[in-house]
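Note sheet for the following structure.
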Amino acid sequence: MAIRVNPKLIDELAVYGAEDVQNCYHCGNCSAVCPFSKEPYIFPRRPMRNLQMGLEDKLKGSLEPWLCYYCGECTEECPRGAEPGETMMSLRRWLTAKYDFSGISRLFYRSGKIELLAVIGAALLTALGFVLWAVWQGGSIHSYDGPNAFLPAGSIHIFDWVLAGVLLVLLLTNCTRMWWFTMGRDKTLNASVGLYLKKLYALPLHFMTQKRYAKCEKKRPWAVHLVLMLSYLIMLVLIMFFLVEMSASTIDWRLHVFGYIATVGLLGTTIFALRGRIKKSEPLYAHSHETDWIFLILLIVVAFTGILQHILHRAGLDAAANVVYIIHLMGVVPMLALEVPFSKWSHLAYRPLGMYFSLVRAEAKRRASEEAAQPVMVTQRVVG
Amino acid sequence: MRTGVFIVQGWEAVQEGINLHSVESYAANLPSVERVRNLGVRPKLDPAALSEEIKKGALERIVIAGDSPGFFKPVFTRAMALAGADPDEVRLASFREHGGSGMGTPRAESIVACAVLGVPFPLAARPGTTATRPGTLIIGAGVSGIQAALEIADAGKQVYLVERRATIGGHMAMFDKTFPTLDCAACILTPKMVAVGQHEMIELMTYSEVEDVSGSPGNYTVRVRKKARHVDIESCVACNACTESCPRKAPSEFDNGIALRKSIYIPFPQAVPNAYVLDEASCLYFETNGEKCGVCAKKCPKQCVDLAQKDEIVEVEVGNIVLATGYDVYDATKIERYGYGVLPNVLTALEFERMTNASGPTGGRIVTKTRKQNKRTKEDEWVLDPDGPPPKSVAIIHCVGSRDAQHNAYCSRVCCMYSLKFAHLVKEKLPDATCHEFYIDMRAFGKGYEEFAERIEAEGTFVVRGRTAQITEVDGQMVIKGEDIVSDSMIDSPVDMAILAVGLVPAEGSERMAQMLGIGRDSDGWFSELDYNSDPTDTERGGIFVAGACQAPKDIPDTVAQASAVAAGVLKSVNTGRGLDSRAELSLSDIEARARSLART
Amino acid sequence: MEEHKIGVYVCMCGTNIAKMVDCDDVVRTASEQPGVVCAKTYKYMCSNPGQEMIVADIKEQGLDRVVVAACSPRMHEPTFRKALQTAGINPYFLEMANIREQCSWVHDDRQVATEKARALTLGATRRVANHQPLERMSVEMCPDVLVIGGGVCGLTAALELADGGNRVHLVERASTLGGNVARVDLTAPYLDSARDLMTALVTRVEEHKKVDVLTRSQVSSLEGFVGNFVATVETIWGDSASVSQFKVGNVIVATGYKEFDASRVTHYGYGKLPNVITSFEFEKMLRAGRVQTKEGKLPQYVAIIHCVGSRSKEFHTYCSRVCCMTALKYAQEVKSAVPSCYVSDVYIDMHAFGKGHEDFYRRGSEAKTLFLMYGKNDHPVIRKAGPGDDCEMLIEVNEKLSGEVIEIPADLVILMVGMEAREDSEAVARLVNISRDKDGWFIESHPKLDPVATTTDGIYIAGACAAPKDIPDSVAQARAAAGRILARTIRGVIDIDAVFAEVTEDKCSGCRVCNELCPYSAITYDADKKKSSVISALCKACGACVAGCPSGAIAARHFTDAQIFAQIEGVLA
Amino acid sequence: MSFEPKIVGFLCNWCSYTGADLAGTSRIHYAPNVRIIRVMCTARIDPTFVLKALTDGADGVLICGCHPGDCHYSEGNYKMMRRYPLLKSILAEFGIEPARVRLEWVSASEGQRFADIVNDMTQRVRELGPSPVRTALVQDMAER
């Protein structure tokens, strides 16, 4: 059955940043220079083709975008300025929007304004909420910790867990949708639960190490990305499990040293990324979607206020520390509540998943073809 | 006729040097012009809105002015139809088409004037004639120059044929076979070269370069530097004694560096003139300012080696000048991913032409380079041994330096076909070798080309759609990486020889030549013709013609046709004694006046 | 038969001959032949040194007959005849043995190939002994030129010649000048105005004092030979026809092409589906400013299909050369006329090879034209869309760049019909006595080095009548043909071949059989002498009369019975 | 070894000889048994040529001209066509198998066709064996 092309999709994707994909005349250069392009996942050319022709279902079901790390080799080598790298990035944005059932991320990606408003809104609500709550539970603005602390760590900790729970639910539903689009829906694919379990190792592995990213010819983006990731994780762990200890007035070096490292990591990498995007130093930074800016700004605000309130508290300026703490929360809440499930940071989940699914899919296909007693699909074809 | 003039700015940089404001005000003052509007850069035009505008102004004629106004014609035509006006009354004032580039604002204004008056520009801007000398200077003696020279000389008219190198024949003389008929290039070219050498109406100046051109159409004075050849063409009998005695070697230009020649040498056995030449650059005698060597002069039995010879400047007076300077090939070292110059068995097309040529360094054997120790330097180096091992698999890579925004955006027109020819030669000489063509579009457009392409595939060459991205060496084995698009697979294959189908680039010195002759070059550096469609061989300057690949990449039949076409341009002026003057010289008022008078009739 | 001093020269042609024929062996056997005083081989006999060797031998050893065993005489007979001339002997004392095209290139057993080469050379050696000295005659060349076809090519040629001072008779079948280009609105790749181009040409031609334009006319006969043709032209005025006759020295055939008839292709439903149109029909729409469906609706989807009738097994194997660029032009024009429209362009290979072409292709991409690639002989299929679809038609394509079988929506389909030889090309070929290739295009005398001349002296072909061509290439060829003619008319005289038939009077019985046999009525009968005689200038040396003459009174110069008998003996010895 | 016939080919200059050249330029291989003699037109081919060839030891004679209608001299090949049956009947009287003499049309663009014809004819004549004329001659020699 012939698939109906949709010439309009290319315009839709342009909104997500794929503005030059029509220039591709399919010389195959990009797929050839890409260190990750291996059968059965050949890209960026193939996804670009599907995009040009508007084969929406194929794109929705494709894992290739998640296998691309945007090292920019393809874009640099493209003879026709079709920006393969940026096209893959845009596809990731588009997919994120497709995975999200609520449609919120679609809104965000289609208009930076809406996202900005949402972020500001969430921030203000957070501020208002915490202040009211602080006043109601009789906290004193002049006390950071102790009995009548303005924002007692214990309660914040509970709030964190509640928020985390909500996020997890949102994220999981989206991930399930991702699974359905890319794996579940495909009738031809019979991947046993065993197979899923067998390949499960890939999930944490790639999540923690970004090991594939290291294969790019350029190492720096990978390093930056890794540092950012790890710093974030450390922070997450500290906040989720040691918030009380962290905000206690006595410094426990066994914990705080991690806090400081993570803060430096976060600040360093975000500043580096910001500088890059402003100067467009790498192809990866050449095109910046609104979402990229908002995300970076939030991150830097959070990191900065995080360390600042800590310093102020140490300096005994509790009132100032509390104010900064509020600002800090104003950054954290939108970032976690909006960015993670609906926008840029959702790829924290989707990329490793994509990697994981791709392994399962490839293996399943391989077994199928073996059963069909066809020649084994080789990942490298030798000519002649 | 109530006319509206709309100015659009499109793609090219043509409008640089054109003051659009002055064009606008000029247009506004033309008779019957009701409305002048600048629509800006690449405007998005809505036919409905335009038709309203036409209705409001009750416009009966539209003139679209700009570098490529044609891109906006259909929308105006439709708007005219919607407005109930005559859709045929949409006229184009194309700055690019009529030489707006370089000619500046007045030219642009004159183009607009013609369009407004409904007169085709070429009619109004037709220069008068001027007395023309009978002699003709042809610069470049490749197949194009040779053809033009013979055509003109056969009519009994004097031709001065200037060639930079020591022999005529150009690139074609280097080729083995020619597509699609596969007859050997030498077989069809050498007779013509011989004819040129023997022709009493052709004064051949090889190893010479044009220094300076002065004068006006029909009456040019050209200074030609005859570089010191140090060998007397007349008395040299090509006995080879000098070469045998010469101690120095240098890479052979004719063999594109895959073989060495002595410092005093003959480019190739069938060279015309069939005489030797001494290359000062590599000569020991000149290196030591005459202290050492000079053996060739002593050894020459006819004493025709003259080491004291100096460059000589000669002046010729001609009526017409023909540019047939041809092309150079793209420098493959600029594309590092293909490893040319690093990997020994990555060849350029011309190198392969010489290798597969029966009279080439390997006697026509297709072999891979072998590692040998250099006697003197005691170092290992890659050498081309005629008895070396033949490649088991050959990859031919299309579009090297062509169709690529990072190198040359244009298509070089001949590479697809000569690549197919290479595949045939490989298959013919090494039936057991596998041969792959990696292409983007197979451009087999000429008479018998498509059939040729089909035949090559039938011969067992694998034709793969997908441009190879890189050639690397994995423990001594050359490996190419690419995508086989149609079969949806990645290619990561060992090959023994890779041939780069390098594109064509304007010949070295084209820029200086253009300045000297006062003609334009396009954005890619090729000489600009007077009119893409109707005047492919004339130029803005009277009495100056372009023929063959120096105007844009071309294959042999098209080149030959252009050469003969140029002969027509030359002969008609020589025959009547009067040739066309320069269009470049025409003033705005001349053109406008002519347009007005034509409009009246 | 008097003794001769024969020289035999065997060319190795690099390795073209040498790799399949043992040239030295051929030389050995040849040198044993009676009369052969020297026999040699050389790498390239046609090269300067090669020719000089022959000249030297003739001078030094007093050779009076020469055999060159090399490539086809069609290639180098003139070259070597010239060499003989320079050496001071009659050029017709040469005979060539074709041991390349008809031996080394077509056999794979060195021994038998050598044996055959030996035989062929022997044949030539025996034949050449019987050669007689022949003199080329020269007749004067009429400067006037007949140009057949009033398209861009014919017009350009006419102008070029007229500007050169020659009188030109321009004959056009139709009632107006302009040909196919006059049907086009804009030209690719720069979208320049084809109308301005044509107006300029036509105006100049009509104003030119040296050009006689004959529209509604066709050449009914062409008598005579190069330099002295007599053309008869019929002009139809309403229902009356007038006949004019004039003398011309040369003829340029610029009859152009005709577009492929789309209704021959069934799978595109042309003629059945109302909104499937040809490129020329679309040109009309553009000129009228009405880019719309038959129902008068604005198309939302336009599809352009390449290579209709070209590059296919069923119709024409060749590429029509201009369609790709024209298609890209339409893509631009549709986008301009109907900005909201989606254009898809279904092609095989994008032939964007000329100046500015690739850039134009890129602009097509920038305008978001959807380029879809189909395989040769795996053509798309068009069907009517269902009521549910938002389009008139659906085109099914096996798309190569994605490997998917896809359907393209279309409200308007433009078929890029290729070029083919005109129906009257056969008649024209016969009229001016030139040959056509398998596709009906006129054959040039050499595809590379002589693209505008033909095998018939004085007849030139230019433009798309020789093979598909775009405007610049046609114009170049038109000028090339003009250049050729100018070169010859300027000299004023031309040499005609010395090979023709002649009657030995005393043998002639006056039976007049030959008179009827001659296709060129070159044989006249002298009633009182009761003898026939040949007008050598008209004779094209076919030899029909020679073979037909019952009393063996007619001899074909250079093809005498004696010569051919000798050759037969030679090849069989 | 098997008997290899000698065949004389008379080719017209404009179509068939060019066709044979094309077979060459296209490197189409075919049997080496044919020795080509160029004539301007098949109309030039006098029946005596054929007889001469056969008596001089040819086992077969191949005559090639332009396709009907394509003759460079407009109708030379028709003249040959008319002459051909006549020729055949004469040969028959001499007891020469008709298959030994063959008239074919080969155009300038039919290199492949020319090669096929040569191969086919060579095969047939090979099957026929040496020409009776030739054997007769040999006996004649022997008797003397």
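Chains here go by letter, A, B, C and D, matching the order in which they are written, and residues are numbered from 1 within each.
Here, a residue touches a chain if its C-beta (ideal position, glycine included) is under 8 Å from a C-beta of that chain, and two chains touch if they have at least 3 such contacts.
Please read all numbers here as calculations on a predicted model, not as lab measurements.
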item	value
Chain pair, B-C or A-C, that carries the greater number of C-beta contacts	B-C
For chain B paired with chain C, centre-to-centre distance based on mean C-alpha positions, whole Å	25
Distance from the mean Cα position of chain C to that of chain A, given in whole angstrom	66
Centre-to-centre distance between chain D and chain A (centres being mean Cα positions), rounded to whole Å	82
Distance from chain B to chain A - Cα centre to Cα centre, in angstrom	52
Residues of chain B engaged with two or more neighbouring chains	181, 183, 403, 465, 485, 488
Shared-contact residues (touching 2 or more other chains) in chain A	25-26, 46, 80
Sequence positions of chain C contacting 2 or more other chains	350, 362, 401
Those chain pairs that satisfy the touch definition	A-B, A-C, B-C, B-D, C-D
Chain A residues within the chain C interface of the complex	1-5, 7-8, 10-11, 22-26, 46, 49-50, 52-53, 55, 58, 80
Complex interface listing, chain B residues touching chain C	11, 44-47, 68-75, 77-82, 87-88, 91-92, 94, 96-97, 120-123, 143, 147, 151-152, 154-157, 178, 181, 183-184, 186-194, 197, 238, 269-270, 272, 274, 357-359, 363-364, 403, 409-411, 413, 441-451, 454, 465, 485-486, 488, 522, 526, 532-537, 551-552, 556-558, 560-569, 571-572, 574-576
Chain C - residues contacting chain A, complex	301, 342, 344, 350, 361-362, 365-366, 368-373, 394, 396, 399, 401-402, 404-409
Complex interface listing, chain D residues touching chain B	25-27
Parts of chain C lying in touch with chain D, wherever the complex brings them together	72-74, 98, 100-103, 105-109, 112-113, 115-116, 119-120, 123, 426, 430, 433, 435-438, 443, 455-456, 499, 517, 519-520, 540-544, 546-548, 556, 559, 561, 564-565, 567-569, 571-572
